[in-house]
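Taking it in order: structure first as structure tokens, then the write-up.
A, B, C, D and E are the chain letters, set down in written order, and residue numbers restart from 1 in every chain.
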């Protein structure tokens, strides 16, 4: 039980000490998850809106598959990316496995369906009326998609925050493709999971708290931005 | 293959007074309270436990729940009273554990051996120059600053590896020394990708050989032997500990019968035993 | 734009909510449509606007089927208008912006219209916070600004106060005259239908 | 690369063979995640609606914390539950650690904030108008909450599906509190992660596909139900 | 229910959208409120209904401040009605159901009202798919069914066809007479205000 209080104390110590190694781990976590979220959003948001408002045959089936893909386990994504990037795999010559780039690729693939699915669902339920209005005012597909993104800005921002949180808190994919190599690919969650298997509970909880804090800051930024509206 | 003696004939007189009516082989008994065995991933991943435990359960009526973790965590679970019995490999720590009163006693059970594996083309030519001398190999590694992947997870294997570096008089550090903080399988894969060297237990390497481009470079050195011990956790720690079951497991593992079974494991699949029984 | 409709049918489930054997909407004229609640007026307007394609029958615009160009030249003001979450100015300017008209040229067009409809005071407000009648005026302005050739109005003055109704009717008439735009207006107000309509069509239940 | 095709083949074989052990693993996964989702939903949906429509001081802060809690990493939840249920912990006498019950408890705690947050956000953005109408018709708090749940039924169902997917695809919490004990607490994700460390890729991918299939079935059921409306 | 208002002010940001120095709404009478778009009519109704509490000033209901009992005895029909995603019957029945009236007793009350408002044919339809005018009728029925003592109507006939307006006005008058309910109706239609109102209050901009 006192692990938890001890964890709090350690967390505060960690944050104050600005220990170089911890700093490296935390900043790598942020770097990897931010890059992945940005790449995934750039691709998935316009596509999600586009397919959300588009009427086409088999849209029901498409919806089901979309929602299913949102929950592909991170270990599976990690595994597939690892196989593709490994020396024996098709992209073996780039020597990407167990690097930061591999982690960004894996997390991008992990959150792409999430961002797509969330945007798709949003556009499907609330984009319809906007699309109708845009259509009657003479907007083409491109205008319509950008209009809907602007109109649903707040909800889309919340979705992006959700994706970021998913990325930074997942361990399966980064562990498999990153390998938790000290100084290279060690991020918060892989450290937590290592600390846990080493029985160092207070440190694991401390890092967990740091992670929650990062999430909180991101949500606060987005939330205060959305309040301006 | 490592140079090892035949499995030692166990001394029957040992621990007789503590052997609680060990049942005859094959005679089923009433189900009893299960025990929690905390052990290392290597015993689970090699398949040893899948092979041994059903037999143990059938013979004693005690079910065994296995929690496979690093040796560090396994010992911690013992200290916390979360496990009933431990099967681990970090002898100095184990002795300390018993001395501190966390366990009632400890016995050697078996050993396996570690090997140094590296790229197929063996860039340091260790296989040619030092096929049986791990210390010289590590010195060369350090001189050339050649990539070496370490478990770095406080596991028994990690502790063993650090012990060997110490023996060689080297403080491993630098960009060439990768601290993976991961399990054995993962570390082998990392070494494979980075085309570096690593120290691994033979069982894990053999079971993953097909997916790796790594070869055995050094083996058979005294320093590479890896001793497993069994420790029943002090039953006084809390009311939930199944002290009797733990003792029964302890005795079974070091009994002739248990030892024979251990010695026979892996013969069929790999043509060589993976663990060498040596209870005394 | 001239519209000809033949054998138009629209079903919701088993129920036929609209049936029009033949109807012609004259080019450049204002046609008023009246009829009891639920007789299918909104349905008809949505179909003509190209928003509802699940009908059977034939509709032609200047003799042609609906195509991208036709869509660009017509617009509809909904019974319950939807305005974008931006300022009123940005709402009205939107159709011009997507037509690539540059900023300098957009402003006078928007301002002129706002003056005519007496909504200059609303220009800087967030459109989604407007009152019922204010929204209707802005929606009308947004429809008129790009000078469509076909204007579909679904009860556009239902929440407007009497003085403003006069203003709006005057503007609609002026717009129709100046641009020779075809106007189709649904209204429950028979007086209004008579004031505006060159012709009045009364729909009834099917 | 052919791991992936091999994985497909293995998956089909697995599903056809109805191997007893695999069957046990899959059914335990479903049991644990379904129970957790049901418990979490029963608690979090009414509460989420209630707080979503309630006006109170500090609601902004409350929102940020809520959204943050939605993304607490599963390893942290697992760790905290493990500490509390451990023999030395406050609930030690119940001997719950490394049991199915512990896994259900951990996953319930994991998805509770998720269901709460999703419902809260939904009620906040779309429950307002319903609450106003209910208020003017004389509804009390209880009526209002049940009315909103009924009105937003479809979206709430989708949220429940999301929570289930999260539960069944996570590995951190079940691994720590369950321990991946063969025959007792081994579920799909812990098996995948074990198979991956053992280098048994085809089997890992096969189980990943089984997991995706389960998610698909759940989403299809909910989707077809929501279409009836 | 009698309502007295004193020094009522409502601001949105810096802008005062409503100011009423003194207003009394007589018990059991119908008061019509008119005024130009955006003068604050909807704002006033929302405040009286207890939906908007960010005002300053004093409002009393039968001499008392707003409380749970008062809320239970009054209702409002919105300018843009929101109906539940259920059948029309279930919508109208809802206020009775939450008041614990049992099923057998609910049905005749709903059916009677539906007959009076001539919407029996809609009873089995999904309410959220109705046309504009149909929705308004159903929303009115849902408000009348539990016999409130104060009825607030925000442009309740704006989308209704002329025949149906007669029906609705007749029903409102009947209801007012039978139950002695206080009615406050916002309308842009001066004729309607005169037909229904015992008194007409004209709001203007502040």
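Some points to look at:
The rule we apply is simple: a contact is a pair of C-beta atoms (placed from the backbone, for glycine too) under 8 Å apart; a residue touches a chain by one contact, two chains touch by 3 or more.
Predicted, not measured: the structure shown is a model, and the values here were computed from it.
Chains touching both chain C and chain E: none.
The pair with more inter-chain C-beta contacts, choosing from B-D and D-E, is B-D.
Chain centres here are Cα means. That of chain C falls 48 Å from that of chain D. Per-chain Cα centroids separate chain A from chain D by 18 Å.
Per-chain Cα centroids separate chain A from chain B by 38 Å.
Centroid to centroid, with C-alpha atoms defining each point, chain B and chain E lie 80 Å apart.
In chain A, the residues that touch at least two other chains are 88, 176, 196. Of all residues in chain B, those touching 2 or more other chains are 186, 189, listed in ascending order.
Going by the touch rule set out above, the chain pairs that meet are A-B, A-C, A-D, B-D, C-E, D-E. Note for the complex: chain B touches chain D at residues 36, 41, 45, 50, 65-68, 80-82, 183-186, 188-189, 207-208, 210-212, 237-241. Interface of chain C with chain E (complex): residues 12, 34-38, 42, 79-80, 129-134, 137, 155, 158-165, 188, 190. Within the complex formed with chain D, the chain E residues making contact are 49-51, 71-72, 74-76, 78, 82, 84-86, 94-95, 98-99, 142-143, 146. In the complex of the two chains, the chain B residues touching chain A come out as 69-70, 72-73, 75-77, 152-154, 178-182, 186, 189-190, 192-194, 213.
Chain D makes touch with chain A in their complex at residues 1, 3-4, 60, 63-65, 67-76, 78-80, 83-84, 88-90, 121, 125, 155, 158, 161-162, 165-166, 168-172, 176, 189, 192-193, 196, 201, 204-205, 208, 211-212, 215-216, 219-220, 223, 227.
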